[in-house]
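Paired with subunit B in one complex and with subunit C in the other, subunit A is shared by the two complexes that follow.
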Partner chain A sequence: MDAKLKQELIQTFSERLSQAAKMYLENCSRCGLCIEACHAYASSPETRYTAVGRAQNIRRIYEEYFKKGKIAKKLNEAVELSDHWMEKVYETAYTCTGCRRCMTYCPFGIDTGVIQGIAKMLLITANMEPKTLTMLADMSIAKGKTIEKTKANFAIAAKNLEKEVLERWRSEGGEEVVPLDVQDADGLYVALAGKHSIIPAAAIMNAAKEKWSLSYFEAVNFGAFVGNPAKTNEIAGRIIEEAKRLNIKEVVICECGTAYRVMKHMSGEKPFKVITFAELIARYVEQGRIKLDKSKLPGKVTYHDPCQIARQGGIYEQPRYVLNQLTDHFVEMTPNRQANWCCGGGGGLVAMGEKDFRMKSAKVKADQVKATGAEVLCTACENCHTQLSDLNEHYGLGVKVEYLSDLTAKALVQD
Partner chain B sequence: MSDINAAKVLDLKGLPCPMPVVKMSQEIGSVNVGEVIEVHTTDPGSLSDFPAWAETSGNEVLDTEQGGEFIKIFVKRNN
Partner chain C sequence: MVNQIFYVITVPMVYVAVAWCLVGIAVKVARVAKAPAHPFTLKVFPDKDHPVPSAVWGALSMPTVRRHNPTFWVFLILFHLGVAVLILAHLDLLPWFNIYPEDSPHMIGNGAVGVVVTAAILYFLLRRFASPLREISVPADYLLLFLLFCVAMSGDIISWANSWSENGFVLTKQDFGGYLDGLFHFSWADPAETIDGGHYVVLVTHVFLANLFLMVLPFSKIMHTFFAIPLNKLRRG
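The block that comes next holds the complex of A and B.
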């Protein structure tokens, strides 16, 4: 590694050293309570798959460049930056899904996400980050700049979805089935690129007689996956500007955990509320704005808490409330809620491919699903849905993986 | 109906996020510079995603077609 890059990496590290980051790097007592909290270690017990093992790769750089005292450096195994050590930094960043289960077991509450954030920025500085994630982030930013040219085509595509939305819910005459650019709407629904992310949601919001508008932008934020705060803000900024332009009361994030985390917790103060689609469905049911038919969902149903919505966002009960309106045969997986095992696909791993690692590191998740005996595995995050579908196929779980939105839309009762 | 001759047809219908663009970026190298890939997708978002991806990767969306059961996007490899 040349001296110039080394200096740039030290500078990058320095810029990420908030007081919280310093505390997380210095306060670990190596108690080991985080070790078995990691799904990757629980599935494949190797030290490099532990939270403390990953963090040590970053702590040892910290000891070398940001701490004083020769003896302390030796005792704390300080290491110099090198090409070899950057491979370890890569492992820190991309064998972790950012699920933060380890944090809930840590007696000091060390946020591994912050340490992982340092690792990701070091990789970007060294031009070693996964290029797929950078490509997707750059595409999202470019989309913000070129959106005016493609709006007309998107509007035609939205119009073409009407038939499939109406199959789920027959709207009254004169209503826009998939509305765009609705000024002063109560909700701006931010979907993913696929129609499966739009159709059930449109049917449900129309059934609830919501005044809503579909965003031109996709919810997912690849700037966050690659760990680049500037790109994260720019991508989120497109949606924030759209919501401000339309004077929206509430931004409703589709079933995408990272999108929710970024918009709710990483985008500063905004003149609108941010909620998940699961919360919106629960509100509609509670207020009697939609009615659901339990006969549409036979068999045992279980629920996977997406890490970014549940452990990070605290949204535990609303999806369960909805599921209990959809079936009398809901069963919890064990453990659940805050202690639920991560699906193993977060942190950008699904987009990157990484199927061998994703399957190997999530065996504990597959075992957990199998133990429920459920026929339907429901979740509220597309990343989790993709990973759980892959696990279903790889481990022969024999479940049907479903979105909460889709199960709800299929059970809508039309008066 | 487009009269563009595609060297390859890429079926991306029904893929979850963000696979349509990921697959496209992986496949563009499989045709020669100047040749066209015809993408079939069911993602409305692809109509904005693909032009943005083309802009950042130096390629070009020549045309899009809607109205059938799926969306067609014609992408020319430029580099």
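The block that comes next holds the complex of A and C.
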């Protein structure tokens, strides 16, 4: 590694040293409690994939460049930046799903996400990050810049969805089925790229007689996956600007955990509320704005808490409330809620492919699903849905993996 | 020559170690305080209604450890409570700081507290030799625990094993009280002039190791003493 790059990496590292990062790097006592917390270790016991194992790759660089004393550096196994070491950093940074389950084990609450955030920024500076994620993030940003040119095509695509939405719920006379650019709407629904994320949501919101508008932008934030804060903010910023322009009361994030966390907790103060689609469904049911038919969902149903909306967002009870309106045969996974095992697909792993690692590192999740004896496995996050579907196939779990929104839309009672 | 070394250890080095430790802690805390706040919340849910009291309680009672490794938790609680009692017990040696009866030859806990702390440190040290902890430990982890073990062990010899001799205590609480009082009032007096007996060398060893520990503390993970509450606060929002 040349001296110039080394200097740039040290500069990048130093720019990421917030109060929290400094405390996390200096106070870990390597008690090892977090080892058991990681699904990757629970599935395949390799300490390099534990929170502390991953953090040590960064902590040892920190010891070298941000701490003094030759003896202390030796005793703390400080390492110099090198190509070889950066490869180790890559291996542990982009295999962490950012589920933050380890935080609930650590006596200090050290956030592996913050430490891996440093790792990812170092890799970006060294031009060693997964190019797929950067490319996807850049595409989102480019779309934001050319949105005026693509609006007409987007409107045509939205119009084409009407038939399928109406099959789920007939719209009120004279109203748009998939409305766009609705000024002063109560909700701006931010979907993913793909009709599966729009059709059930549109049916449910229309059934609830919501004044809503579909965002021109997709919710997913590849900037967050790749670990680039500037790109993360730019991608989220497009939606924030749209919501401000339309004077929206509430931004409703589709079933995408990362998009929700970025918009709700990582984008600063906003003049509107941010909620998940699961919360909105629960509200409609609670207020009697939609009615659900329990006969549409036969068999035992279980629910996987997506880390980014549950542990990171506190959305634990609303999806369960909805599911209990959809079935009398709901069973919990063990453990669940805050202690739930990560599906193993977060942090960009699904987008990157990495199927071998995802399957190997999430055996514990597959075992957990199997133990419920459920026939339907419901979740409220696209990433989790993809990973759980892959696990279902790989481990022969024999479940049907479903979105909460889809189950709800299929059970809407037409009055 | 030996007497001079003993004097340097028991008087000037104590002042240097304490000053070094206090300045070191202040610098470390200031460096963290000067760093920018994290740009977004790091809390995990469900969030707490009263994050500050909850963080204090979390830092002191370590509920996550209790939940996930009860044996480790028992030793951690014994160790931390023991250290707190030992700090009080050392203060109680001062003639004007009476928790235990003034004329008692014993420290608070009659030496048992130190033994409990030593046992806990030994447990912390030994568990590091077993996998998977061995893979994530660095030399500093072993050395720090070994230093702590030696400090505690030499303290045990003074406060507990000291009483094993036929004539009872060779050195009493009052002997150590005189020494500490001299340090506290900057008398610069040589403790060897007032403390006598075969165990004096153990006292010097204990003080030397404690000095070393104080000098290492600001550069070690023992700094979690000062950061455990702010760290727990981050998790609680």
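To be clear about the criterion, the second predicted complex is superposed on the first by the 415 of 415 C-alpha atoms of A that agree within 3 Å, B and C clash if a C-alpha of one lies under 4 Å from a C-alpha of the other, contacts with A are read in each partner's own complex, and residues count from 1 in each chain.
We adopt the following convention: contacts are C-beta pairs under 8 Å (C-beta built on N, C-alpha and C of every residue); 3 or more make two chains touch, one makes a residue touch a chain.
Everything numeric here is computed off the predicted structure, so don't read it as measured data.
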item: First, second, both or neither for A:K231, with subunit B first and subunit C second; value: neither
item: First (subunit B), second (subunit C), both or neither touched by A:K22; value: second
item: Contacts of A:G194 with subunit B and subunit C, given as first, second, both or neither; value: first
item: First, second, both or neither for A:R358, with subunit B first and subunit C second; value: neither
item: Contacts of A:A142 with subunit B and subunit C, given as first, second, both or neither; value: first
item: Partner chain(s) touched by A:I156 [first = subunit B, second = subunit C, both, neither]; value: first
item: First (subunit B), second (subunit C), both or neither touched by A:T386; value: first
item: Partner chain in contact with A:T104 - subunit B first, subunit C second, else both or neither; value: second
item: Superposed model, subunit A: greater residue contact from subunit B or subunit C; value: C
item: Contacts of A:R54 with subunit B and subunit C, given as first, second, both or neither; value: neither
item: Of subunit B, residues touching subunit A in the complex; value: 14-18, 20-22, 25, 42-49, 51-53, 55-57, 64, 66-67, 71
item: Touching residues on subunit C, where the partner in the complex is subunit A; value: 28, 31-33, 35-42, 44-47, 58-59, 62, 64-65, 68-69, 72, 76, 132-133, 135-141, 143, 219, 221, 223-224, 227-228, 230-232, 234-236
item: Of all residues in subunit A, those that touch subunit C in their complex; value: 17-24, 26-33, 35-37, 45, 47, 50, 52-53, 56, 67, 69, 72, 74-77, 100, 103-111, 113-114, 229, 265-268, 310-314, 316, 338
item: Complex contacts: residues of subunit A adjacent to subunit B; value: 132, 135-136, 138-140, 142-143, 145-147, 149-151, 153-154, 156-158, 160-161, 191-198, 216-218, 220, 222, 256, 351, 382, 385-386
